[in-house]
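Pasting a structure here, questions to come.
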């Protein structure tokens, strides 16, 4: 990524502290976000989220698996991130692969504690394994938040075919996919978290950092926040340290920010659902 | 008992997702499917944990500096059954570096025996934890190599690794802002477990569906006591906000307790090495006196 | 630390607006231009015409090789692509970023196909102009300009393969201090008499290469841009920050709608942008209004 001069960094740091960032935003203001679901019709669910110049697509497909003995009625949610070389030549080759792996590990850990009993078909026999593939098409900072929105939007509009279990003679259940292609179910996304990235720049904390602002951050952490404001996981990324007092404030802020983000996202999805005539705009202007 | 055909199916199913099949899955049904209360009482019963501790007691810690003779700095750390060995070497030029970096870097490798899938994650976490504590501006274009071997991961392995690495850096006489200490704190229901063993960690990452409180999880944090800075923080699990903050506070105060112990051990080691130097000097002086007299 | 109240965080409500793709706004309007060519399109017979950039010869005919506008100067025919790398010409004022320090010279990224060079002999060293470059100077190059620093310079020379050689041997050029760098496609910049402007309360350097530098107007005029000292103590006033953010938004809006970026169009756009508060500037509707009103004010219709 572009290397900044010390003077540019100081300008950005002072700007955040004075609550007038480089592009005029305040510390708690996100760049304009655009969300569009159903962008990949062949997948069970998909969504594209543009957060400023950061552009990610999440794509959902579901498969069945036999649950392990110790979690007999829970499904699984697996995420995978691919950093496209079109996003930046930085992501080409080995470096891009390593960064993708790191992000994938962090994401999977973030979504680990979600309760997935609703993904069960028949306990101890079959559950749903939901795979979410995320492609980062363009990166201008704050990738995690965009991915969080995309995953939630994609899952909220996923249509998985229903599998019904019918009793056979010997008490063994037989599983069948319904004939009707419109007989689907959508996962309940109320416990899918949003990711909130908070960066400490100088003496202030801000959300939604651009690439340039990320380089000036002395401490960045990502929090997975549920709709009710509970924190599912927290990761500190990058070098940097923070005082415990500041960190506690950070966590409280993240919780309230997360709740606002959830309600905004859900109302946008509801509005999209209510559009009578829906064309897929995708990459056309 | 499961019959062989069922076992084969089970193995094939598991292999599809490349998971290691834990041996517990082959245990008899009555052993495998215990009630929640039975599982809990194995770990925590009548106010005492399996190893006799109360919930807010840490295990005994043992520190030996200079365990590896060939490394510039090294530290062997035991917390209860968890054993960690750390070696530090450098500084050396950053390989394949193009350009110029003003700040030095720390190259961390964590290995465990037997190899665990969390090794790579631990390596990244260790690097993130150590970087703020290390005087990077004194090593432009250079890197310090830190390698940690987890000999026995019986709970709080990452916390032990971070503390050991920081002590090894101090032993190597490399400039650091402060000694890092690290703890893991676990939460299950509303019970807090300080310095959990691996069984307790597994319990804290699970929850009882029908209980009133769904709080569970682990927090690992590392802290510089004099500088009052958290350098690493990882939390996983669902926790009420206030409980999370309280748990974090308890973790920090426990880090401060460990810090006193680490500082003590480091002082002891310095005293011993100073004594060696002054002893040698005394011998040299007396040799000189002998030769001139 | 028990019971940190929510009120302690202060009244910081987060603002995040989610919009749908159906509400998308485009700043680009198609324009009928008679002399647009696409690659492979026939321009005319070869006889009597000189072929310039963006064309190739095929069977006695001249054809276009890039998509763009036809330009002709007497007998010279060329196609000017509307999106191309910057091609330096002697005398251009550019803004660049140091990428590498080599022996006796710096490599500079100036938004061109190849990195430009800034020779040690082409800069003003502290201590006057006529000092000989000593071995000390070579070792101390990093003190003067290090990787990541921004400079304003003039193109002294262009080598055969296209590499530019820059110089800062004038007090108005040199290392840039606190401010914001905005990038626009180079073809949108006009070559003009002066590239240093002070408009709307801030100062700008409009580099011919598409790099535009916005910075707070220096209080004292004697401290020219030629100094090498770092100015990290200065704290820019909020008023100036707002102006810089507003100008940045105007530049981005004009660039996205493919309008030429120069002092007149920026003054017009800034006047329109003054109606909006600085926090609204990122909204697509605001950008559209800025573009449309600016086009109207400048009498452009497309």
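So that you can tell them apart, the chains are marked A, B and C in the order they are listed, and the count of residues begins at 1 in each.
Rule of thumb we're sticking to: a contact is a pair of C-beta atoms (placed from the backbone, for glycine too) under 8 Å apart; a residue touches a chain by one contact, two chains touch by 3 or more.
Computed from a predicted structure; not experimentally measured.
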Contact graph of the chains (line, ring, star, complete, other): complete
Most contact pairs found between chains A-C
In terms of mean CA position, the chain most removed from subunit A is C
Ranking chains by how close their C-alpha centroid sits to the total C-alpha centroid puts first chain A
Whole-Å distance, C-alpha centre of subunit A to that of subunit C, is 34
So, in whole Å, the Cα centroid of subunit B is separated from that of subunit C by 50
Here the gap between subunit A and subunit B, centre to centre from mean Cα coordinates and rounded to Å, is 29
Multi-chain contacts in subunit B, i.e. residues touching at least two other chains, fall at 245, 249
Among all residues of subunit A, those touching at least two other chains are 244, 248, 252
By the touch definition above, subunit C meets two or more other chains at residues 1, 4, 147
So, in the complex, the side of subunit C touching subunit B is made of residues 1-4, 100-101, 142, 146-147
Note: in the complex, subunit A contacts subunit C through residues 2-8, 10-11, 14-15, 18, 20-36, 48, 52, 149, 207-208, 244-245, 248-249, 252-253, 256-257, 260-261, 264-265, 267-268, 271-272, 275, 278-282, 285
Given the complex, residues on subunit B that touch subunit C span 99-100, 242, 245-246, 249
As the complex stands, subunit C meets subunit A at residues 1, 4, 6, 8-9, 12-22, 24, 26, 28, 97, 99, 147-150, 176-181, 230-232, 235-236, 238, 241-242, 244-246, 248-249, 278-279, 281-284
Per the touch rule above, subunit A residues touching subunit B in the complex are 65-66, 68-70, 101-102, 105, 109, 112-113, 117, 221, 226, 229-244, 247-248, 251-252, 255
